[in-house]
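Here chain A shows up in two complexes: once beside chain B, once beside chain C.
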Partner chain A sequence: MSRRPAAPGRVVSRRRSLHLMIGLTLVGILAAAVIVSFFWLPFKPDDTSGGRLAPPGGGHLLGTDKLGRDLFTQLLIGGRIAFATGLGAVAVGGVLGVTGGLLAGFATRWLDDAAAVALDILIAFPTLLLAILIVAGAGASLGTAILAIGLGMAAVVARLTRVLVKQVLARDYITAARVAGVSWPRIVGTHVLPNIAPVVLVNLALQAGLAVLAEASLSYLGLGTPPPNASWGRLLFEAQATVLTSPLAALAPGIALVALVIGVNLTADGLRDLADPTRRRSR
Partner chain B sequence: MSLLTVEGLSIRNSSGAALVSDVSFAVAPGDRTGLIGESGSGKSLSALASVGLLPPGLTATGSVRLDGVDMIGAPERRRTGVRGRVASVVFQEPLTALDPLMTAGRQIAGPLRRFQGLKGEALRTAVRVALEEVRLTDTERIGKAYPHQLSGGQRQRVAIAMALACRPRLLIADEPTTALDVTVQAEILDLLDRLVDTHGTALLFITHDLPVVAKVARGAHVMRMGRIVESGPIIDLIARPSDPYTQTLVESARRFDAALGGAEGDSSGS
Partner chain C sequence: MLRYLLRRTAILLVSLVLAAVVLFLLLRLLPGDPVNALLPVGATPEQIEAARRELGTDVSLPVQFLNWLRDAFTLDLGRSLINTLPVGPEIVARLPVTVPVTLSAFVLAILIAVPVGALAAIRADRWYGPIINAVAQLGIAVPAFWLGLLLITVFALRLQVLPAGGFPPDGWSSPGQAIEALVLPVITVALVMSASLIRYVRAATLEVIGADFLRTARALGESPAGAMWRHGLRNASVPVIAVLAVELATTFLGAVVVESVFALPGLGSLLVRGISQHDYPVVQGVMLVSTATVLLVGFLGDIAQRLVDPRLLQRGAS
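Showing the complex of A and B:
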């Protein structure tokens, strides 16, 4: 929308594409490990033959936990849960949020005010607190955690979508399309959605990182994925007691978590460029 | 019969304040009418109401008939039908009048495909012809360019091509030259003038600029604070303005001409 001088735009663009590269590399490595984990795991998840709290070595890349389970295996399984949470929560939050935001964006008068207030109230509620309430009511499971995090995300996405839709609807090209007799569904499909997509997608990608963190927090509190499925949050919690004797058990899930969240955020940052022709280089 | 007849049009906002009151004017087929007024005088709202597209929250009363269809009372389906067939609009700011994510060519192709059912090579040719018609050279590049890759004048030409692509019978030009450089302004006015002439399109020209409307329109209505304060042939308005507001408009235009050396000072007389 804003016209920037070409030269600084280029520099920003180059830095962004570096972000995208690093981000995609981080996410890609972790995603590859997760995919591999579906076909091959170094040990069975419940194999305790390694002995309790064994140091790294002897086939146990990261050693074993206090029950004798292989830590690297647990880490891989935790990765599945992290990716499931990120993707699942974005799916829930994206579909509900964009739909709700679109409807709210078209609302006028009192309905519009009502939608704005309702969304503000939902957002004022911390996502984690909302999730804890839902999990406390419905029982701890990965599905509930994803749903709870997704619902919290939906409110944020809906508010963003609503404002973006209102901005786009005020533009003359929408009026021009209406004068030309284009129907509302077509206008939404060809003008509104493509124009809000860059911002919404970048926001969803950022939210995916937050969702992974939220699930780890829930699991750390014992409200996320129940045992024996090891979420990174629960691995962190369990490693806490033995952090001085076997620091790797705490470091490994922590580093994995940070790597995934940073990777997702950098990817989100870099994605902005691809969706926005005004920042794309002209052919 | 008139192409567009507006009678006793009033527009109110949600709190009941009148933004436009009791406005009446008509545009006959092939006719050219100007609506002159300062910002907030209700000229753009009147134009939007004549295609039945008021911003949300505003309500119109009175009678607006576009090609015989009641644009205030008729069901949305009928209004949508008549809009696309009969009228199109060129806006003030060509940057927001074009979708930033669509190439100029695709945007011109949209109405051509919908109304004339053109496809493939025929559609490409029609787009090129439309671009050539608004005196754009290098149609190959411009067709593939996004709005931000075009200059202001080029964008406005693309917007005009889009508006005229399907040969509407009424073109509403809402301050089409205000956002442009003065030299580009003159070119765009000439272009509109010629195109409207060739196709016999009726023109409703909205502006705050008296000399601009004098170039393209024959009759004009002067609006102030939601009302039409004076109407008549543009020559009479300039020669014998009766309303005090019109007098100040003419006065300031003359003073501007005089300040430029008065070279064209006598061309505005009767």
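Showing the complex of A and C:
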């Protein structure tokens, strides 16, 4: 499908490739900062030598928090958590969701109806509420948060996959493959997965942005890891009390968060157009 | 329509029961025995047994579930493990905060998003088209709690025109203060919600603008605005209604987080408190009420969609 020859006169929208470029740049800069943070940090995360709530200066790019810890260092560490959440939740949600959607798409009518209803119910549980519940029970940790957000995502991905699989299975080339004696696993590998992959991957990218936002909300509510290894959501919570004296502490994590989510969303938008240039500009 | 109504009602009922099962199991499967919250350290086995009986956890899981469901139907959601107050009235007491915030934010978001989104589609070639897109793109990436924090900083701390948080202790008996307390939360939730809504409205409008029936209406002598009003609006509203049902649920959820930002005594803060204190009956009650609301809104949304576009009934789209 994606290797279809270009129609004469078809122009890939310049605006769209601009989206992709901005998106990749934003994600790339943040990813680079996170990678650097594993090798070098301006200060040790628990170094409190900077003095409490110090303004920017003296090596502290963003100043210090109420215990004297460097804020820029914490921002970098928060970036690790944001990336871990996005990637981890997409891995959990993608594997579970695609598998579940495939199974439902192949199931007999009765079972498929049941799966559709079950998925609708799961989706009716807003991801954040589900995550709050799971994190509350299993204890606040990054792993739990990723798992909980990934589970919520799996329902959405499964529903999408199910619909896509059914569309592909209705095609003539599937019937042809069946008649030619191709086994179901092989059909899934050669026909179904490649055909649903572009749409599913774009959706997963969008979900990654939502996952980062969900984790930030969890952390803000106090259901994430505490400083000095805090996520951006927690940093914002910490900054709320001192927003007038150190406004940078309340701005920087938010800006980083928004930049990452916008970057991911724009990348997904651009990829969607690359995957299907004939698609009209709509959602 | 009747056929669809029956089928959809059946699905709603099954969903409600299944959601109740999931909710019940999820909280029972969590580690930690709820009796621990009631008892001092080093309680005797007899005390533990008595506490179990009081909580109703001394019988088998299915029986517990049926008991819980029966009680839930009579709006008896059990008692808080912490302050032993009945959960049902506690939830009801918090609705006067959460419901006004959710509904006014929802209405405000529609009032913002529908004209702005439609404008972005109809006048896509004007200078403000791309700006609306960019702002909406920005808006869906902004977490509600950060926007709330920024609004507090500007309007409550710097300009000091609105309170930074809290709710008058006597609630709506002092309406002026109550409304003041809810202005920033409502704006916060509404702005976040309208960002994604603008994109849907815009997409739905674009879809309609390109449609043949609109061109036909124009050819038959309708003015552009007249054609849009008479034929475009109803067609464009179908996908938007579907999204609105989801968005109402999202608004509600946004209110849950935003309540924490503004220290409002609503359902959200009740839930967060219940979780931090491992107060299972409270968590269960709030979750049950919110899940049921979300399912019911989805049900109404589906019905409304089919009232506006009866063609959906024939396509067998479930």
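General remarks:
Going forward, the second predicted complex is superposed on the first by the 257 of 283 C-alpha atoms of A that agree within 3 Å, B and C clash if a C-alpha of one lies under 4 Å from a C-alpha of the other, contacts with A are read in each partner's own complex, and residues count from 1 in each chain.
Assume contacts are C-beta pairs under 8 Å (C-beta built on N, C-alpha and C of every residue); 3 or more make two chains touch, one makes a residue touch a chain.
Not measured: the values here are computed from a predicted model.
When the two structures are aligned on the shared chain, A:A91 is found in touch with neither chain B nor chain C. After overlaying the two complexes on the shared chain, residue contacts for A:G254 are found with chain C alone; chain B is out of touch.
Look at A:L129: by the touch rule set out above, it reaches chain C but stays clear of chain B. In the superposed model, C is the one of chain B and chain C that contacts more residues of chain A.
Looking at the shared chain after the overlay, A:G222 reaches chain C, while chain B stays out of its contact range.
In the superposed model, A:V117 lies in contact with chain C only, and not with chain B. Residues 282-283 of chain A touch chain B in one complex and chain C in the other.
Every residue of chain A that touches chain C in the complex is listed here, in rising order: 116-118, 120-121, 124-126, 128-129, 132-134, 136-138, 209, 213, 216-217, 220-223, 233, 236-237, 239-240, 243-244, 247, 250, 254, 257-258, 261-262, 265-266, 280-283. Taken together, the chain B residues at the contact with chain A in this complex read 14, 48, 51, 53, 55-57, 80-81, 83-85, 87-89, 91-93, 96-102, 107, 110-111, 114, 144, 146, 148-149, 159, 162-163, 166. Across the complex, chain A meets chain B through its residues 1, 3, 108-109, 170-173, 175-183, 190-191, 194-195, 277-278, 282-283.
Here chain C touches chain A in the complex through residues 11, 14-15, 18-19, 22, 26-27, 29-32, 137-138, 140-146, 149-150, 152-153, 157-158, 199-200, 203, 206-207, 210, 249-250, 253, 256-257, 260-261, 271-272, 275-276, 278, 283, 287, 290-291, 294-295, 298, 318, going by the rule given at the top.
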